[in-house]
Amino acid sequence: MSYWTAFILTLFSPVIGGFIYGLERIVRARMQGRVGPPLLQPFYDFFKLMDKRSIIIHSFHAFMGVMYLIGTWFALFVLLSGGDLLIAIFFHVLSLAFLVVGGFSVRSPYSVIGAMRELLHMVAYEPLYVLSAAALYLVTGTFQVSGILRSEHVPLIYLPLLFTAVLFSLPAILKKSPFDTAEAHQEIIGGPEIEYSGKFYEAVYTAKWIEYVYAFFFIFLFAGGNHILGALLIIFAFFFFNLLDNVTARVNFRQMVAFHWYILIPLAVINLMLIALWRS
Amino acid sequence: MVVDEIKVPLREVRRTIKEFYDPKEWHFITVNGVDLGGKVELKWFFTKYGEREYFKVVTSEASYDDEIPTITYLIPSAWISEWELADLFGLNVEGAKRGLFLDPESPQAPLRRG
Amino acid sequence: MKEMLIETIKNLFSKPVTVKYPQEPSPPPPNYRGLIVYKEELCIFCTKCEMVCPPGAIRFTYQEDGSKKFHYNPYLCIYCGECVRACPKPGCLTQVEEIAPPESSVPDWDELEKRAEESKKAFLKAKAVAKKKPGS
Amino acid sequence: MEKIVYSLFLVPWILALAVFLLPGAHFHRLRQLITFLSLPALSFLTYLVWNGHLPLQIETPQWLELAFTVYDYGLLLYFLYQGIKFRDFLVTVLALFQLFLLTWVLLIMPESSVPNFYVDRLSAFMFLIVSTVGTLICIYATKYMEQENLERENRFVAILLWFLGVMNLAVSVNNIEWFFALFETTTLASYILIRFRWDEVSIKNALRALWMNQIGGIAILLGLLFGIKYYGFTHFTQFLSLSGKPVIVMIPLGFLAVSALVKGAQMPFHRWLLGAMVAPTPVSAILHSATMVKIAPYLILRLSPVIKGTLLAKLLIITTGFVFVGAGLLALTQENFKKILAYSTISLLGLMMLTASMGSSMAILASLTLILFHAVVKALLFMEAGVMEKLFKAKYVEDIRRLVERAPITVAFTSIGFMSMTIVPYGIFVSKWMAIEEASNFLSHGAYVGSIIFMATGGVILALLYFKVIGVMTRKRGEFFRFQLERVPFVYLFATVPLVLFVIVGSIFIAKLLSLSVNPVVEAVIGTPASIIAKGLTLITPVSELYGWQIIGAFVLLLIVPILAYFVHFTGTDRVYEYTCGEKLELNIGTYNFFCIQVVEPFVETAAVALFILTLVLGGGLV
Amino acid sequence: MDFRKFRKRSPWILHYNTGSCNGCDIEILACLAPKYDVERFGILNRGNPKQSDILLVTGPVTKRAKERLLRLYFEMPEPKVVVAVGACACSGGVFRHMYNVENGVDKVIPVDVYVPGCAARPEAIIDGIVRALEILKEKGKEVELPHWCSAQVKPPVNRVKLLDRCLEELHGRR
Amino acid sequence: MGKRITVPFGSQHVALPEPVRFVFQTENEKIVDVEVDVGYVHRGIEKACATKFKYMQVGYVVARVCGLCAISHTLGYVTALERLMGVEVPKRALYLRLLVSELDRIHSHLLAMGHTAEVAGYENLFMQTFRHRELVMEMLELLTGNRVQFDFACPGGVNRDLTPEVEKVLREKLKVLEEKALWLRDVYENDFSLTLRWKGTGVVTEEMAKEMNVVGPPARAAGLKTDVRAEFDYLPFKEVGYRMVVLKGGSIYERNLVRALEVLNSIEMCWNILDGLPEGDIKVPVKGLPEGEMFVRIEAPRGELFYYIRGSKKLILDRVRIRVPTFANIPVMKELFVGMDYADVPATVISFDPCLSCTAR
């Protein structure tokens, strides 16, 4: 992918992510037998938040919210620009760091708990993503995203278990049930984002849409050079995680970390070792 | 409806309840106060699991400044009724804290007459 | 999870159950306990309704001449229907199915309550004076 | 050239002597000056060595050998004496055993004409760390001790300086017997330093450090013994000649590796390093970061060409990887700030040895980068810990709550230190990244899969740990409207600012740094340099690239932003209180200590012991 | 661009019960459920004052809830509207003149829309919200103060201090 | 204390439609200390019933103690009043009361179940439960003229009769409801993520239940056989096929399962009522003034509701005392929290289906 495409895609990622989010809200509503909001709802929210009077706790906190947006945006660009996959994954950590530090910087219990849980989310899913980077490398022979996208192998064929694991951890990145402990609306009311309002909340809100693009692009990589399959994978993943969201209750953070470490990561490892053995 | 009412003086209340109360059989309902003007009539209501239309009532009278014996150590769940009594009647119940329901700006001891 | 999965997928492909209110009306069912409608022409001003109304949503103010005026506050009424049952004149008070619309201001009921009390007192006083007068 | 190398040992000793001979409060300034001299002097010497013709083999006169033998006996007898004096059974017995082994070794020691000093780039690399970070710590220590105990300052600083010389010596000897002597000298140094405060806990911990390190010494002696027995080898270079050839008996190497594990405070021998906390903070800094524990990865690096790919290496990978994760987990449960640092040192030492044992050139590169940056960052962090302790009376995580309101500079430096250990694009991250990508090449073996998992999970656990602490520090009640930077004494700033600058600049120019400075060391260690290319700021590795703009971007995000945050005030915006469900409450906002992980502590330790024994038995014995 | 029209499209609500009988609260819950599904209008129950536009209050304000109501009110960013749901919130309902209540939300904070009923039907609540949205659209962004409050504020408002003074005044009125 | 985090839960909180305040001290999200404040909703109803309202009005007022089991309060009050004044209520009226009270139980139980699902982060299940709950709401609306506050029972009988048209619609809806209730029972019983999250969480043991005098579904979920419907004959439950549902375990999971099973039993009772509805008057006039004291127990959806009234031949009673189920369950709730995960708190609280408006009156 050239820098320019990457740049344009990144630039418009909030729009894409917004649409995905809008669609998700509709699909979720339909799955629950409701009508749901219009497709453009996220953008309505966006513009409304623009118009609100902003009230903040202190400027550092508010600024961190804005930085979270910029960080996520940058992380997405790193991913899309075709560079190293591992680096892109760690840039994602970096962007989360802003949210976390912002969350910690106020004396609000929900925010602090949420930030802590955000870190625990990271603890849960990050190893899995590092493993998938390694696995994608094994299959395609490169860590470069652009290389993976050009590879004639379809990693999905070699990495079914790993892909399953990544699918199941998708809710952890996007904070959906069953792994939405960091936001846990009914417990900590949005966690680290609770103290943001107005334009500053808007930044956090938009950053989440960008994360959608980030996560789904990651799924896309599993199709390697076969971009049609990639698109199908994204659609599949979209419905899959919405279904999962709708048929599960939230687990607590212990269960979340345990599920990732004891089930998903071993799954990934088995897959990894199998293909490594088969390769050698 | 069978009502088994025992009238005892205030200081006997705890002993009376202790004599028969066994958590396995008895269900403590509540303690209720009725203001009689100057004094309060207190009733401890009990019933028995599995029995039809049966009440056991321990009745006693207390003046506004008497110390009402607590039965919380017998029946751990009784504190809330006792606190309520202390709050709404302004009675002096052993170990009860004020302010369960009432705020500083609410009228105090609202359930007293007059 | 299985049951939910089936249901979720079923829901996804069937029509939502949501009613289209307010685009389409969603009327209350027959005999809904809505607003109290008062017909002054039938009223005998016995004030029974005022007496039974639990929140005091019906109040009468007394005019100088002893006639009474009916006031009703739908934003205070709890729609229990007790006034209708209490009213001795069938048809004077009825409970319709409609409900009052949301408003951005409500009757100043505090003021009205005061007025009702005062006018009643004034009227009773006047009556007492009037009673006394013929006697004296 | 030889003289330069010798002066690298002697200069610190002379300075130490000078400092020692100037006791009392009134010479404080003078001592500071002398200490300060060590920085330019040692750096210059190191510079000369680095630019000299390496590797350098130095023949030594016969008397030196004798002197070392005598010194060895003296040292061991001193240990024995300490054991008896403090009625410590273990120290006594181990000292006796060491004496026995030493005698045996000397009896069967063959004559050899191999030079006893061997200074290659790896040694020079270690000199570099010692002479910069180490001396900075000494300078820092003068101020620190001024605030603690001016009377004993001269002793303290003198020991530190002397220790720098010992370190330099230790990484340049070739003779394993000598190495043993110096290894035990570092043990002695840590013993003296830990018990420096002379209270009960200090002595207890010092004795523990002593006996644990004695085990390391025994392992070296056993390694030497078996080395002589099987191969007739007494020098490192002899072992290195084995590289590439099938190795018949690993026992000597296994023992040497074990001694590295002990010195590197790997579980189950981590307690001595934790115990070192009771000493004044510069001790922790010097022991944990710059110098002493670095002998461990140094030793593994020395051996790695030989053990590369063997079962021993794989076991080492598993063991150290396990420690990397396990120590990280245990660090989460700690509340004492220095203990957190100590555990994370243990953890990262695990990572260094892990990468060192992988043995490929990329892995070695990663290991060296890690050593370099870790030395700098840990020194920085410990110094900041000392600053917090001395200036803000903050020792525990709960004390550092809302520190940012009082001490923005300290918090900023500490945060940079913490972040540099986990996040893109700091040097430590880069080495982790290279290590993971390198490990991906060998995935068909379980140990390497294990290493990836360990690296990935250990990494996030450390991230969790550091952000937890950063979070506690940066919490604040309101605005800094009038922001006052705290007044940090000049010496503290002098010691810390270069480190911070190095971390940042080094990370920005990581590509150049790696290809120009570290890669020659890699070449010296295993013969072939890692195939990395620096193109501007961009670092190109065989399988991937780290772009310059990524590094810059990350730095802009990470560094400029907090500074900006300081100046951005959103003055036109309403301020509001935190949401607390509409209640007005006295809030107590602490942090998680993951207490229940302590439940797994015995398990982690048992597993570590098992792995350790496995390394010893399988790694050493059977292959 | 005029953002005002988007206010109507994405109202997020905060619900606070100041002492109601739950009747109206469960009807608000019912509004979120599939049959009425207020998410059609973009309504989300955020439960977080800082991100909400509409404050739904149910119940006659009890003495203890009063202060909390005020706190939450000041936590909401303008423009915002307050909807009093149910007879209790409008004027005290059946609890009018009981000793521990304040007879309606408008005694404490300004109310924009009153929804009658006991309990208010979901349809009525929807109507009320629709009406509130009309008002919301017209509102300005300046800080709103309770009518009984005498202070002048100048932006930027420090709501921490504002609330303190306000509570003082509130308790002073006691 | 550096590791403690204070977490307020309430008074305003999304998971709570009602104001109640818990202040938890947590360590690693494990609760080590808890403080409860239940007094937010105190309005002074008992006082008002003894000073402000006439005895005929009190029924409407106490209904507003809580909207969730409005009929239970009215029933409690009118039963006590009728017993005190010796009024013989017509059989048809009793059956109609029973019908409404069981429908009310269904709606309240479904609400509790759905709400517990919601706070456990299971939004879809909440939606489905509420979707089917709307059926009951429609039935109640048809039957009584209002969705929540029924004002159905009055001293001497009931206010409205059941017309044949309404009965027909009721039967239709009841049929659908039965189907859905069976499905819901299945979900609440078998759903993996619910069992994972709820089984063994917030356990009230049988001993605890007895000791702390727990009432209602929480008690029955703990294995304590107590149900006022079996212990007090305020309505002819025997005749319409009442069964007591008792489970063992006492965790959130069982509490909701008890509710799901009771819903099924209630539906069955509704069928029997509709089939066997006797003809006759729906109301007898109540004359005279109350004198003396009377107390009754009623099984509200949340458990035992206790009414005590006392009059002295006046239009206004001397004392009306309401002891509500949640009031009785608060002590045990408070005991439960210590040692629990904060993440489980909302579900635990809601699984008791607390009604603070009752508790504080």
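In this document, chain identifiers A, B, C, D, E and F correspond to the written order of the chains, with residue numbering beginning at 1 in each.
To be clear about the criterion, a contact is a pair of C-beta atoms (placed from the backbone, for glycine too) under 8 Å apart; a residue touches a chain by one contact, two chains touch by 3 or more.
Here the structure is a predicted model, which is why all the values come from computation and not from measurement.
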Both-way neighbours, i.e. chains that touch chain D and touch chain A: E, F
Which of D-E and A-E has more C-beta pairs touching across its chains: A-E
Of all other chains, the one whose Cα centre sits farthest from chain D: C
Averaged-CA centre spacing for the pair chain C and chain B, given as whole angstrom: 40
Centre-to-centre distance between chain B and chain A (centres being mean Cα positions), rounded to whole Å: 58
Distance from chain F to chain C - Cα centre to Cα centre, in angstrom: 28
Interchain centroid distance [CA atoms averaged], chain B/chain D, Å: 69
Per-residue multi-chain contacts in chain E, two or more chains: 16, 34-35, 37, 40, 46-50, 64, 68, 72, 75, 77, 93-95, 97, 99-100, 118, 121, 143, 159
Multi-partner residues of chain B (each touching 2 or more other chains): 101-103, 106, 110
Chain F, residues touching no fewer than two other chains: 5-6, 8, 11-15, 29, 39, 42, 44, 47, 60-61, 64, 124-125, 127-128, 131, 146, 149, 191, 193
Contact pairs between chains, per stated definition: A-C, A-D, A-E, A-F, B-E, B-F, C-E, C-F, D-E, D-F, E-F
Of all residues in chain A, those that touch chain C in their complex: 27, 29-36, 243, 246-248
Chain E partner contacts - residues on chain F that touch it in the complex: 11-15, 17-19, 39-45, 47-48, 52, 60-61, 64-68, 70, 111, 114-115, 126-128, 130-131, 133-134, 137, 146-149, 355, 357
Chain F contact footprint on chain D (complex, rising order): 335, 396-399, 401, 580-583, 585-596
Of chain B, residues touching chain E in the complex: 101-103, 105-107, 110
Sites on chain D touched by chain A in the complex: 419, 422-424, 429, 433, 436-437, 439-440, 443-444, 446, 449, 452-453, 455-457, 459-461, 463-464, 467-468, 470-472, 474-480, 543-547, 550, 553-554, 557-558, 561, 564-565, 568-570, 573-580, 587, 589, 591-592
